[in-house]
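Shared between the two complexes below is chain A, which has chain B as its partner in the first and chain C in the second.
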Partner chain A sequence: MLRTENVTKKYGQQTAVNGVSLEIKDNAVTVIVGESGSGKSTLARMLSLIEKPDSGRILLDDSNSDLISAKTDRRLIQLVMQDAASSLDPHQSARQVIDEPLKLLIKMEKVQRARRIEELCDMVKFPKEKLKNKVTELSGGQQKRLCIARALAAEPKYIIFDEAFSGLDVTLRRCILTMLKKLREKLETGFLIITHDLDTAMFMADRIYVMRSGNIIETLDRPKSFLDFKEDYSKELVRAAEYKRQALQI
Partner chain B sequence: MIHKILRKPQAVIGLAMMLTVFAVMVFAPAFAPNDPEKINIMQKFAEPSEKYPLGTDDMGHCIASRLIYGARVSMSIALPTIAAIAVISVLLATVCAYIGGIVDRLFVIVSDIFMALPPFLVAMTLVGLFESKALSIVISIAAAMWVWNAQVVRTYVIREKNKPYIITCRMSGCSQMRIIIRHIIPNIFPHLLVLYSTGLSGVIIMISSYAFLGLGLETGTAEWGAMLVGANKLVFSHPELIVYPGLCILFAAAGFNLFGEALRDICDPKEN
Partner chain C sequence: MIKRILSRLLVLAVVLFGVTLLTFFYTSLSIVDAAQALAVRRFTRPTAEQVTQVRHELGLDQPLAKQYAAWLSKAVSGEFGNSYNTGKPIINELSASLQPTLKLASMALLFTALLSIPLGVWSASGKGGIADKSIYLFGIVCMSVPNYWIGFMLMLAFAVNIPLFSIMGADDLKDFILPALAVAIPTSAANIRVFRSSLLDGYNSDFVMYARARGISEIKIAGMVSRYALPPLVTLLGQSFGFTIAGSAMIEFVFSIPGIGSMLVTALGSRDTVTINACVLVIAVIFVAVNFLAEIINAVLDPKKHTKERVYDT
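Now for the complex of A and B:
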């Protein structure tokens, strides 16, 4: 289990995350929702060990994150970022992107790696004929699938998706989310999805944390409908999501 | 890559100019119609003829032969100089900028000290240190110019290391050295190409300036800069003696500039 205990992060006078404690279960989808500036991405960066908290602890299977330094431990938490294009090295081909973690983290031989790359392409529905293309030659959807394939290549215990589905058109987002849902059932990997989109949260989540101004204000386990939200701020988010849906129908 | 170069007229023209300079440099004895050092006082200021295609200078040297051999001398100093500048500036700036913190601050302080000294002054101070004039020129120009290039490289590295893909590389298990060598340097490489190709033309001009100040190779050496200097007293009576070596310097510098800039566009994935 990946846990945070009273984690706080400040940038100057601004408190981005304020004493947050949460759990990300293995083999489950945890979602953090909240408006922009609520501290979700800061939390994601701390959980993926890119940034250190000012106070509090991040625990991976009860080991303190300060002790997680070896590559083998680092690979257990992978991050898929919002902007797929900028999170990929423009000089690499799609094959090189997936090959790197297989070679450096999993220590696979060349022949095995080639086979595994094809398997990963099938898993995320990435077209194999595009493997030789530079990442800049791929479409937005293909880049997103490539990022997910790269994360999966590291055989992580947890994958954090930081606003990874915003900016995609509705059809593509649905397609990628459905693929992830199926993958989740097959793999023993915990997903943490950071989003401001309640529909995505409801579609994917086993547990939802609602975040506001750096604090967790509501936790819902296996939510069935929007009516399960009790806090006023959460209801506001629900109303905003309904308004957006209506606007789209018009 | 070759296809991309051939499809870009700027690259083709630049490459052709560069190859011309290199071919002249390598095959100078085959191209030169006469011995460039041979003095023939009886034939001084001779008009262009079959024997002397561009005429002769005040000592009766064959101008064409001296220009052809001049490519060899100028380039054999300019190329090692720019190579030394490139190695020092890329190594120091990349490592310091990537590590950051106190190492980078120290680098900035040292750079600022070096940059406070005018490059020409540094070069002039160091130029007489070694017995070999050519080695002195290489070392003095490299010592004077590395810091200006290193500062530019540092800016590129800092910009690159803050891009999100570096986080992805770390997630993929890349070591710091691998990130520098396999990710940062290939991404700043197009900019380095322009920096050093334009730098090469600058070095060619600087070598010529040395000669102009009397700090270059021995007077009478068949080198473009030295030829320019030798002809300055004849600028009104025989302007062609200045124009010919000047055009050679311009041709070589423009060739490297054109090719470098075209290569940057070709190598930059965002341009493709």
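Now for the complex of A and C:
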């Protein structure tokens, strides 16, 4: 289990994350939902060890020492970002992107790596004929799938998707989310999805944390419908999501 | 890529044509009559008939466009004619002069790279620290002084006070060390700033931050960043090689190197227009070729800039 204990992060006078404690279970999908500026991406950056919290601890499994001070193997927590293009090295081909963690982090032999790359392409439905292409020659959807394949290649315990499905068109988003849901059933990897989209949260989540102004204001386990949300702010998010759906239908 | 190279070559051919055209017509505007100058050299006090005869021999009595066409058709095959000044074939003088200049420019390029890369890395890795500030100060000072002054100082230090090198001559490679350093020091001062800033851009880029977060080692990340940061430096190095060839006259004069810069200055002094045209054409060809090479290296190093149109989800 990946968990935070009273984690706080400030930028100048602004408190981005305010004493947040949460748990991300193995073999489950945890979703943090909230508006822009609610602190969810800052929390994701701290969980992926890109940023240090000002106070509080981030703990892995039963360990009692903080992830950063314990110099935890970064391979265990992988990231998939919203802007797939900027998170990929423009000099690499699609094959090199997936090969990199297999070679450097898993230390797999060349023959095994070639086989594993094909398996990962099948898993994320990345077209194998595009493996030789430079990442800059891929479409947004292909880059996203490539980032997911790269994260899976590292055989992590957790994958954090930070607004990874924003900016994709509805069809492609549904397609990638369905693929991830199926993957989740096969793998033992815990997923943490950071999103402002309540539909994505409801579709994927085993647990939802609602975040506002740096605080967790509501936690829902296995929500069945939007009616499960009790807090006023959560209900506002539900109404906004309904409005968005109606607007899309128009 | 091949299509891009071919279209670039076409542009370069047009550039070279423009250079020859401009140089030829500019030299023809000179108030000194080349036929008169050569006749004076040949007959000391030439008569009007003798000047006319020389003008006819040189083809200077033809219309300017015809003179240009005749010169260009010969120049394309490497035939530049004989120098008005020495009477010897220009191609022989050019090949003799080009050798020391190419040695000087190549060594200067090497020194520039050897100074720019490590100092750029050092400056970027200690951003805002004493090393960074000292390198910045060194750069400002070096950029503010002309290369011939640095040449004199180097000569004073390492040829007069500590006699490690000879003051003049271009007999062996050792003779090129001080002039190459004089060229390289001010050039690398600018390059260090550019390389430092590209390195910092690379280290601050998203893909490097995420690579670090994913657990990729710092050595591997340094490799990623180098590929990201090198293209601007390669462009600058290519340009500095061209500028060294084109502007070598002063340093060649200071160190008494019989290079193409000295040849050009001598030709300018004696209004030897055919030699001027030949020198300018050769310098332009080298300048353009080196920059073209830098562009190809960059295309390999930086696919982001040279990639074909991205595909979109359908």
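Here, the second predicted complex is superposed on the first by the 241 of 250 C-alpha atoms of A that agree within 3 Å, B and C clash if a C-alpha of one lies under 4 Å from a C-alpha of the other, contacts with A are read in each partner's own complex, and residues count from 1 in each chain.
Basically, a residue touches a chain if its C-beta (ideal position, glycine included) is under 8 Å from a C-beta of that chain, and two chains touch if they have at least 3 such contacts.
Note that the structure is a prediction, hence the values are computed from the model and not measured.
When the two complexes are overlaid on chain A, chain B and chain C occupy overlapping space and clash.
Legend: residue contacts after superposition of the two complexes on their common chain; A:Glu100 is shown touching both chain B and chain C. Judged by the touch definition given at the top, the superposed model places A:Val31 against neither chain B nor chain C.
By the document's definition of touching, neither partner reaches A:Leu220: not chain B, not chain C.
In the superposed pair of complexes, A:Ser87 makes contact with chain B and with chain C alike.
Look at A:Leu2: by the touch rule set out above, it reaches neither chain B nor chain C. In the superposed model, C is the one of chain B and chain C that contacts more residues of chain A.
Touch criterion not met for A:Leu237: it reaches neither chain B nor chain C.
The contact surfaces that chain B and chain C form on chain A in the two complexes overlap at residues 48, 50, 74-75, 78-79, 81, 83, 86-91, 100-101, 104-105, 134, 136, 150-151, 154. Contacts from chain B toward chain A in the complex involve residues 163-165, 167-174, 178, 183, 186-187, 269-270, 272. Residues 48-50, 73-75, 78-79, 81, 83, 86-91, 100-101, 104-105, 134, 136-142, 150-151, 154, 169, 172 of chain A are the ones touching chain C in the complex. Taken together, the chain A residues at the contact with chain B in this complex read 48, 50, 71, 74-75, 78-79, 81, 83, 86-91, 97, 100-101, 104-105, 134, 136, 147, 150-151, 154. Remark: chain C residues 205-207, 209-217, 220, 224, 227-228, 301-304, 307-308, 310-313 touch chain A in the complex.
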